[in-house]
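Here chain A shows up in two complexes: once beside chain B, once beside chain C.
And then the complex of A and B:
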């Protein structure tokens, strides 16, 4: 069968777009991008689509131009790790469909291969994150000793994060333990009186745990009036920041250092 | 001053590469993330620290975010990624993380505080850090998103 001339039914298209939507949202796309990508693909197949994006579900109806045949489905949003790589490739896919470069079956195949692709090397990520947080310490005015300690604290903390998440620990529990470990290690400077900026070392040692992308996505959704998603993403990010702070406070209490 | 600005740009670029690695960007986006972060963070540094300018951190963040938002929109068709892919990781070094957890710390201390004076002090720290953090975030995202919105035709077609 020639896939480009195949006439897709609303049901087939809806089931595909619904899966596409929950994966795109799960990998950390903003609501506005999701709407645009889904609508673009539906139009390419001569259909129209209306969707409701909720924090944990996507509810979608696909219909033909005359509204004679319709199909509705609800899917649960997948909570996978944030991946701009998958986000980018799924957006590319939507344009390939819109520009009629690929047909329905090929698009489905391409989609499955994109979502099953593996993320980058975790050791490289670990190293880059440690370097990043050490430079961050520098941006806040830390000296070389503080940078070194922050690098070590991040290395240990982020390694723990990777290991706990791989074993299926809850994200909030993970953030708490990582913040605790990193702040205890970051406090070494203060404990032994190394360097001139021990307070900056403790303060920045946990910053790699701040959920930056969820905060940014949340406000992006707010600007496009997706208030419910914006609020839920904001609360998610706030809770993680809270867990981070509690972990940090416990670490500082253990090392007998005050936050202010 | 020039040396300080360059240093700020360099470390912001390293920070952006590392923090963006957490959210798996496509490999070709790393360079642009680093470039945008370096421009954004050093611009904010100049706006806040340069003699005669000395802006507040909130205003400086908004302006810096707007400028790299414009840059990201025009670079994104070149990199063939959505504008957010380069822009959001580049904003990460400007996220006010310290304000965020200090406001939680202030909240905890104000609950545990004994006496009005000590409560007021910690509540002030909670409110000050919390509000500053919130408005930096809102301002940054608004500043960075306005260009995506203004140049819709470019930003949502970048992956075409």
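And then the complex of A and C:
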């Protein structure tokens, strides 16, 4: 069967778009991107779509132009790791559908291959995150010793984060432990009197745990009037920041480092 | 030993033990994969295709 000339039913399209939407939202897309991508694909198949995006569910109705045939589905948002790579590839998929380069079945196949593809090498990610955080330390005025200690603290903390998340630990507990570990290791300069900027080393050793993407996404959702999602993401980010702060404070208290 | 030094030492010791454990595990897994020395019988060494198999003897 020619995939591009196949007349897709509202049910088929709704089930596909629903799965697409929960994956896209789960991997860190904003609500406006989700809306645009889903509408773009629905229009390419000659259908219209109405969707309600809630923090944990996506409620979607797909219907034909004459509204004779309708299908509604509710799907739960998947809690996958935030991935800009998958985010980008899913958006590209929506453009390929919109440009009529691929048909419905090929789009489904492509979608399955995207969501089942492995994310980047975790060792490379670990190394790059450590280097990035050490660079942050430099940006904040840290010396080379501080940078080295921040790099090591980040390496250990991020490795712990990867391991705990892989084993299904709660994200808040994970952030707390990682912040504690990184702050204790970041305090090495202060403990042994190495370098001239030990305070910067401690302060920047936990920066990799700041939930930047949820904060940015909540702001984007707020601009486009998705207030419920915006509030939910903001609270999530706030809780993670709280866990980070508690971990950092515990580390600093045990290392006898004054906070003010 | 004061509390900061004790805390720091505990954390670093835990990391060191974990790293050592990982290295030992890695080396052990590698050595099982490609054994440098292995005890076997001469049948393994002198077997020529066409010989009767051990369990047929």
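Assume the second predicted complex is superposed on the first by the 260 of 260 C-alpha atoms of A that agree within 3 Å, B and C clash if a C-alpha of one lies under 4 Å from a C-alpha of the other, contacts with A are read in each partner's own complex, and residues count from 1 in each chain.
Throughout what follows, contacts are C-beta pairs under 8 Å (C-beta built on N, C-alpha and C of every residue); 3 or more make two chains touch, one makes a residue touch a chain.
Computed from a prediction, not measured in an experiment: that's the story for all the values here.
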Contacts of A:28 with chain B and chain C, given as first, second, both or neither: first
Which superposed partner A:156 touches (first chain B, second chain C, both, neither): second
First, second, both or neither for A:254, with chain B first and chain C second: second
Touching partner for A:185 - first (chain B), second (chain C), both, neither: second
First, second, both or neither for A:91, with chain B first and chain C second: first
Touch count on chain A, higher of chain B and chain C: B
Which of chain B and chain C A:207 touches, first, second, both or neither: first
Contacts on chain A seen with chain B and repeated with chain C across the two complexes: none
Partner chain A, residues of chain B touching it in the complex: 7-8, 10-12, 14-26, 29, 41, 80-82, 84-85, 88-89, 91-93, 95, 97-98, 100-102, 104-106, 108-109, 122, 125, 137-138, 140-142, 144-145, 149, 156-157, 159-160
Touching residues (chain side chain A, partner chain B) in the complex: 28-30, 33, 36, 81-89, 91-92, 94-95, 98-99, 119-120, 124-125, 128-133, 135-136, 138-140, 203-204, 206-208, 210, 212-213, 215-217, 219-220, 222-223, 241-242, 244-246, 248-249, 259-260
Residues of chain A that touch chain C when the two form their complex: 156, 181, 184-185, 187-188, 191, 254-257
Residues of chain C defined as touching chain A within the complex: 2-5, 7-8, 11-12, 15
